[in-house]
Amino acid sequence: MPRPQPVPLDSVNGLSRAEFATLLGEVFERAAWVAEAVAPLPPFAAVTALHEAMLAAVVAAPDESVTRFLNHHPDLAGPSTRKHPLTAHSAREQAGAGLDRLSPQEATLVAEWNARYRARFGFPFIICALRHTKDAIFAEFERRVANEAAEERRAALAEITRITALRLVTRVSGPGMPKVRGELTTHLLDVAQGRPAAGVPIELYTVSADGSVDLVAAAISDENGRTPVPLMVGRPIPNGTYELRFSLGAYVSGQTDSAFLQMVPVRFTTAEPEGHYHIPLLFTPWSYTTYRGS
Amino acid sequence: MPRPQPVPLDSVNGLSRAEFATLLGEVFERAAWVAEAVAPLPPFAAVTALHEAMLAAVVAAPDESVTRFLNHHPDLAGPSTRKHPLTAHSAREQAGAGLDRLSPQEATLVAEWNARYRARFGFPFIICALRHTKDAIFAEFERRVANEAAEERRAALAEITRITALRLVTRVSGPGMPKVRGELTTHLLDVAQGRPAAGVPIELYTVSADGSVDLVAAAISDENGRTPVPLMVGRPIPNGTYELRFSLGAYVSGQTDSAFLQMVPVRFTTAEPEGHYHIPLLFTPWSYTTYRGS
Amino acid sequence: MPRPQPVPLDSVNGLSRAEFATLLGEVFERAAWVAEAVAPLPPFAAVTALHEAMLAAVVAAPDESVTRFLNHHPDLAGPSTRKHPLTAHSAREQAGAGLDRLSPQEATLVAEWNARYRARFGFPFIICALRHTKDAIFAEFERRVANEAAEERRAALAEITRITALRLVTRVSGPGMPKVRGELTTHLLDVAQGRPAAGVPIELYTVSADGSVDLVAAAISDENGRTPVPLMVGRPIPNGTYELRFSLGAYVSGQTDSAFLQMVPVRFTTAEPEGHYHIPLLFTPWSYTTYRGS
Amino acid sequence: MPRPQPVPLDSVNGLSRAEFATLLGEVFERAAWVAEAVAPLPPFAAVTALHEAMLAAVVAAPDESVTRFLNHHPDLAGPSTRKHPLTAHSAREQAGAGLDRLSPQEATLVAEWNARYRARFGFPFIICALRHTKDAIFAEFERRVANEAAEERRAALAEITRITALRLVTRVSGPGMPKVRGELTTHLLDVAQGRPAAGVPIELYTVSADGSVDLVAAAISDENGRTPVPLMVGRPIPNGTYELRFSLGAYVSGQTDSAFLQMVPVRFTTAEPEGHYHIPLLFTPWSYTTYRGS
């Protein structure tokens, strides 16, 4: 099913209250009342202003409404104990982080964590799954479960800000878009020949704490030494550890007898989901340089 | 059992023929006649001259003696079909390459190869196991089994030259030692601070074709950014693929907020067992350069 | 006096023969007959096609006309012996290479060369001055004066192709423009901080054989580590030796105590006037890397 | 006149007081009384202990003796106003920094500074000339003339500590030598070929504030990519700005058509006269990396 195009902000500003509430009713998880509260407020000059108005409606709600709202979020990866099925949004977001493919041991661990977290704070662990790899989600879980109650409530609302921004930009377009997208790019330069390296296979993997890897993207460098499209684009770069693999072997064997470099792995850890990670490789058959570029 | 010290060449030159034959009888596999043939020839001015004399004795022998000599070498990793137990030398050499720890699938494959090779050439596949990783031995097997008979006989004798040089230098010392040892070293330089990086854990692994790794050496960088002893030393560097892993995380977190580089893998393939592989890492929290140095 | 805008090729195709000859009469030095010969031929589908037609008219002319045409080109930098003043085009082109600012010794040398060249070939030394520094012109003079006559005639016509392409693109615009422009850019990356370096003064100099330098361009790096406009753009990059100077001192002293790098000179020699020379600097307070990028 | 060998500390410990005073009488400028004061104190366990004892004798002297001692030091480069000729030591030290080759303008400037300094502090400007280039001496002059009196008296004594350490090590050798020597080395690695670059001409210059340069050392890289001896060794590395020039042109033209890099200048400023400055160059025909190594 193709996803509908975002509606221009100008048009959103001209919607009836009912149409407005329908368009934005799912932005906040199982909380159509947020869109309804904001429906009288247009026109908005910027998409960020619309987003902030919706967040303000949450903050202005009575504490018990907020708690109920928090409680309408699903547990992480815990289907067996769920009263409601996941919303389509949540299902897609959790799948993106691999939370729908946990091993039995991981599932047990997550279930224990969910119980521990919920007992401590009175609502489920909420995290913007699109901004973290599975390993990073686990690390955040461990870190945040030790928070004080007020601190963790703020942390949950901060995650909801990120989650709802990502949902909003699929529904509304226009000036003042919230920044929700990062980019991961590379560039292959053969500095022995002084020119871009074409035809080199490049793979991008996520790396788990146990060293296992999952393929994220694959491409062949073009005549400019770049990939035809960025290795990640149009979405946040999930916080996590990655490995780029540059299979130089065939390229280098066309230039020289050296077989010293066959596959160059470049491993790095990201922490800016909306940032641009540009990771070039300057190489010869016997050396290379890599760095976070711009 | 401590291995005996090599005997100085001067003393070797003064041995009786019987003593000489005893000292060097095991240098050529199950071929005490080689040492006996050379026993009348001392004095030798260099250990290489002694080695060349022994090799000349083999070459001078009738073809059928040489074939018999070739046949006295053991199959690779093939205990079940052996008439004789491995000599202590051969056992140590094959274990060094991991040939004593084959998986059942590998063992089956090697058994098939051995049969195919022996059927084609009339003698077992001979390779200087100390100069190759297990994967490199398999690659050589596949390459050499396609050789012409005369070419392969030369290849086998070239391997015997390497095997016997390594055995000889454990028995005789003195001027003109054959070059049988390589070295693998590293150097860690923090180019953001302009000084060597101390306290960084370094590991060296061999990497198999399937991506699995085996730890070869581990060390912590000292105040000069070097390891207290070379990562490999005093023996050939087996042809193969290696990965150095520099665990920069703790070091870098002492200098900066960046967690971009946690563990830097450097993967390379060697082809000069008696060479010096110096693989430095010049790094900052956001970049690094590596190369084959000198 | 502002230079007139180029005329779109479509409009050129619609000109009368007389208008056409007027528009393009100065493209070939003192040879209005070339434009006249081509005037009946429009329409042209590409600017390169128009250029090729004009070149073909020269090649098709009788040898003695071509020789006369070659002779209508001015001597290099030789005002005192000139019968005619330089055309505005030639004056601008020679000044661009510094040929209007020769020292007395250089002027004497050039006069001797001009005489020697003209005696040998029967026409003056012709070179596309916009594609060479003064030093490169002198080097070409010395190289070409040793050519055979036919070879040198071809060399002169090749230079005229370059000269006329540069004149043509100031008069006509449209599809299929001849490639006459190069670019020289840089990029400053602080790899100790993992970000572009802003606020660094950058100067570009030409370097003569005697080591003396002439400032070509100066800029301050912006927040992307780039210069607001390319250091050279919209014209050929004259073949020659250049030095980029990056004054890192103030930038680095804001980050660290180190005063190791104050001004980083990067010296390089170019040979592709229509190419893109991208010369980045990746630096820390204690190290740097530079390369021809893309 | 060959300089005498240093006397072993053991022998110094056995000298008569008179012999001791003769051996060390010139270590402190025109102050034989310092050596005499220390003459009863041997044996010393370390050369540094002997040096510290001599410094302590100065510090213990009455203020007016110290002032008289300071006044026995020569003005910088000011022969015309001198009552006494320079001692051989001072002449050699000042010449090392180029203070015997001042331009008339510099000489005038120094004379003015000397007058201003002496008027302010009551003694001449004292600096360990072997630890600074001429430019660095001028910079220090400007910086120190603004000091408070007590601060500057300490600064002068700190310089005397350096001056006398350098004189002492030419007279006495043994355990616990004061560190008075630095080293400046390089290493040329061709990372396109994966091996040291032999046969490359290397020059080391000092660079003045006005950009003029003075040759300090020249060498050709050997088969290890190093210079046969360090570019500076056996003395302090004078604080100052240097330029290393690597003339890669001929080397690179033997490997490739590229003429991009002809001479690579590497400019750096030093601040540790007793340090080791190792400045390698890793290069290809199109790129290079340099850094302060170790």
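As written, the chains take the letters A, B, C and D, and residue 1 is the first residue of each chain.
Basically, a contact is a pair of C-beta atoms (placed from the backbone, for glycine too) under 8 Å apart; a residue touches a chain by one contact, two chains touch by 3 or more.
The structure presented is a predicted model; accordingly, all values stated were derived computationally and were not measured.
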Would you kindly count the fewest steps from chain A to chain C, each step being a jump to a chain that touches the current one?
1
Farthest-lying chain, centroid of Cα atoms versus that of chain A
D
Over half of the interface residue numbers used by both chain A and chain B, so same, or under half, so different?
same
Roughly how far is chain B from chain C, going centre to centre by Cα mean, in whole Å?
58
Just give me the whole-number Å value for how far the CA centre of chain B lies from that of chain D.
49
Where in chain C do residues touch at least two different other chains?
191, 194, 260, 282, 284, 286-287, 289, 291-292
Which positions of chain D touch chain C when the two form their complex?
241, 243, 259-265, 267-271, 284, 286-292
Provide the residue numbers of chain B that touch chain D in the complex, in ascending order.
189, 191, 194-196, 224-225, 282, 289, 291-294
Would you pull the chain C residues touching chain B in the complex into a rising list?
191-194, 258, 260, 282, 284-287, 289
